[in-house]
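In structure tokens below, several structures.
Here subunit A shows up in two complexes: once beside subunit B, once beside subunit C.
Showing the complex of A and B:
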């Protein structure tokens, strides 16, 4: 984290951030905060969108250098769209995550961006994949990322249950984001949540003052 | 039976006045001179059978295989110029491998056959190269998409099939294949029928000895393409030989 701190002064805008993705029974919820900062001192944007749609039922959330993340997702979005047209069917979530992984791994010297890819496909249903900084690809039932995630590992490990309902999962994700944004100085703003199911995609935005409050708030 | 191009057949980059590219048609003739290969898709897999003519007793048994593994779940049976087929199998292997490297999962057979067909087609456009003198049948099995069978010919088009045959006896083989109810058969039943068809279409007079290459991919092999195990092969060959004898006997009765 120290390296990232120094680098951000060279790289400019970074997303000290909190991002997460959680599978539930029938879908997946992907969420993030909305703060972009420079060097951890100045908030360059209070309402940035870190949830990028790379295909109809596949989203990705970004952490790290914003410029790098945007460049990578733009390239990945193009590749996935082309792949989907060639295949004549919606892409697998694994395929989308692999495309991001290839980009991150092959350019690991220059890039400093990590992703969480989540979505729904006909073959395996709801899935969550982490693509770490150097290009590691890992599939998990849920995952948290960004600088704010360090403050909620305990909460996430204790409160996650497999096969939750959509409402339980929404509560879990909202609480997790609220707790992280409450303690991490470089995460904040509003909570963005996207619910992805076979039927479609639903965006939920929770402004800072409507987030769940915990003790002494 | 054969038409001569006279002047319009010297390169693949020339059309004839009646709109044909003779070089591609000549390439297909090369396939027709080769011995037969068939592929049949059934309820739970795909079976390949190849009539591999043995030109000399000095050959090591099992050499010059005509069935290739393109990926774990994809097999390829060829007819025509074997060297051309070998280089195309490498092309298919690289394509399947790159796909897995980029997208993290097995390549769907339709996509693979279209990609290799595009490659074959590219060689029909220029005078500097000649078209590939081989046709091949690709087969695969996937848990979600089920069994798939595609055939690519020297012109560079690919079609999906339930059963197809390439090589010198393809017409006779197709007639036999059409008699089968392949959609209701399992791989184990089909292996015997494939062996029987190869034995039926083999011409005892013109071609002497042959080796039967059999391979399959399906639920029975857990999605892995491999040559049929020895005991299954022997059972299939025995069934094929017995069926031929029966037919010979019944012919005698009629006379």
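Showing the complex of A and C:
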């Protein structure tokens, strides 16, 4: 097992991955694949959960070192709950993203993990934030991340429309994930999608064989 | 805090005292020519499977130190609590100490809170500790147990990553064992079928991996209790050692006998009164 650790830039299990989050009219969809790899050629888990719920209407998806990401989200979950109890109201998505950003920025030498935070709050509605490796925080209408995202920048830029309906947005997210998983060797498994709206949270799982197929597959 | 032993954040930073000591020792030992012995690793095959009524954990029993088999009957399935057991792969000392620490903490927690520990709590404690040491603790663990929320099986990596899975294998023989598990695992298996599956998976690891061998231990955890079968299956390649090397008196004949009395003189005498009031 040790030999597999040697080659990878990331020590231990890494989620070489495809993650994305897209806002639509009334909510936000956050999605990821489910593969965890070691060293780029051993799949250590086909069913890893990369969509972590940090609060009732706020999810974050993880990329990079699995150990680092799990540790950061655990700390973030605690801090966000505590913040929410102190404020006596649900936290803003921006607050949750900031907590992650603080953890990533202050420990940037030791950590190798990036996040996408997405959720719904009463103040600004559906939002998506990226927290990059070094601790940069950016708000965008939609964002893609992970190693598999490089293959779908063109698709995402061309096909995204603001104010989509939930069905259109689901189709967009599913297609994007399928395309990335089709080209990136460290992304794969099943597609996890979570739809977050004011009403609640809906978790959709699409097994690998039910993903949309494009030509030449 | 009543549960302080478990929830207390330990002193920040790493404790690398022993590393400094080892480096100093190596320098002392004939100017660095003698090398410290290599740490005992459990190049190993461990596996776990969730079945209908509980969890089945299995392990081989070989511990290697470099190319030598250091222990042929190593116990790799460690007790954590009456309902939780943990298989460990990696450096033998690390897995032993980590699981011991976890077991102690959980016992204190049970006494303080009056509740049986949950598997998820054990996993979280392990994750926190291993992450804090950034992979320096070479312990890859399979944690399995039955608690009030059901049967659980977790995989804990040396860097502190965790994964909740229905079946898994770890150690140097994991690929061989995983082949068997991937082929024959089904959800909600019967207990006997699960035991056979784990046995076959470990056996496959023993056959295909040099770092695994000797006997197979199996631990079955159910709501009713734990059945730790050690060994479940003995190796076919056992050597027959005599083990007792005692010789009866008279085996070696006495040729001459010389008795020299030892003369002692009293140098100092002190009397100390003992009060037994």
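One rule holds for everything that comes next: the second predicted complex is superposed on the first by the 207 of 217 C-alpha atoms of A that agree within 3 Å, B and C clash if a C-alpha of one lies under 4 Å from a C-alpha of the other, contacts with A are read in each partner's own complex, and residues count from 1 in each chain.
Heads up, the rule we're going with is that contacts are C-beta pairs under 8 Å (C-beta built on N, C-alpha and C of every residue); 3 or more make two chains touch, one makes a residue touch a chain.
Just so it is clear, the structure is predicted and the values come from calculations on it, not from any experiment.
Just from the overlay, do subunit B and subunit C fit on subunit A, or is there a clash?
Aligned on subunit A, subunit C fits beside subunit B.
Looking at the overlay, does A:108 come into contact with subunit B only (first), subunit C only (second), both, or neither?
neither
In the superposed arrangement, does A:97 touch subunit B (first), subunit C (second), both or neither?
The answer is first: A:97 touches subunit B but not subunit C.
For A:183, is the partner it touches subunit B (first), subunit C (second), both, or none of the two (neither)?
A:183: touches no partner chain.
Which of the two partners, first being subunit B and second being subunit C, lies in contact with A:210: first, second, both, or neither?
neither
Determine, under the contact definition given at the top, whether A:137 touches first (subunit B), second (subunit C), both, or neither.
first
Contacts for A:83 in the overlay, against subunit B (first) and subunit C (second): which applies, first, second, both or neither?
first
Tell me, in angstrom, the smallest C-alpha to C-alpha distance between subunit B and subunit C in the overlaid model?
Superposed model gives a least subunit B-subunit C C-alpha distance of 21 Å.
Quick one: which bits of subunit B touch subunit A in the complex? Just the residue numbers, please.
Touch residues, subunit B against subunit A: 101-105, 108, 111, 144.
Spell out the residues on subunit A that touch subunit C in their complex, using ranges where they run on.
1, 11-13, 36, 44-45, 47-48, 65-68, 70-71, 74, 110
Quick check on the complex: what are the subunit A residues that touch subunit B?
Interface residues on the subunit A side: 83, 86-87, 91-92, 94-95, 97-99, 101-102, 123, 137.
Under the stated contact criterion, what part of subunit C meets subunit A in this complex?
Against subunit A, the touching part of subunit C is residues 89, 124, 127-128, 130-131, 134-135, 140, 155, 157-163, 165, 170-172, 174.
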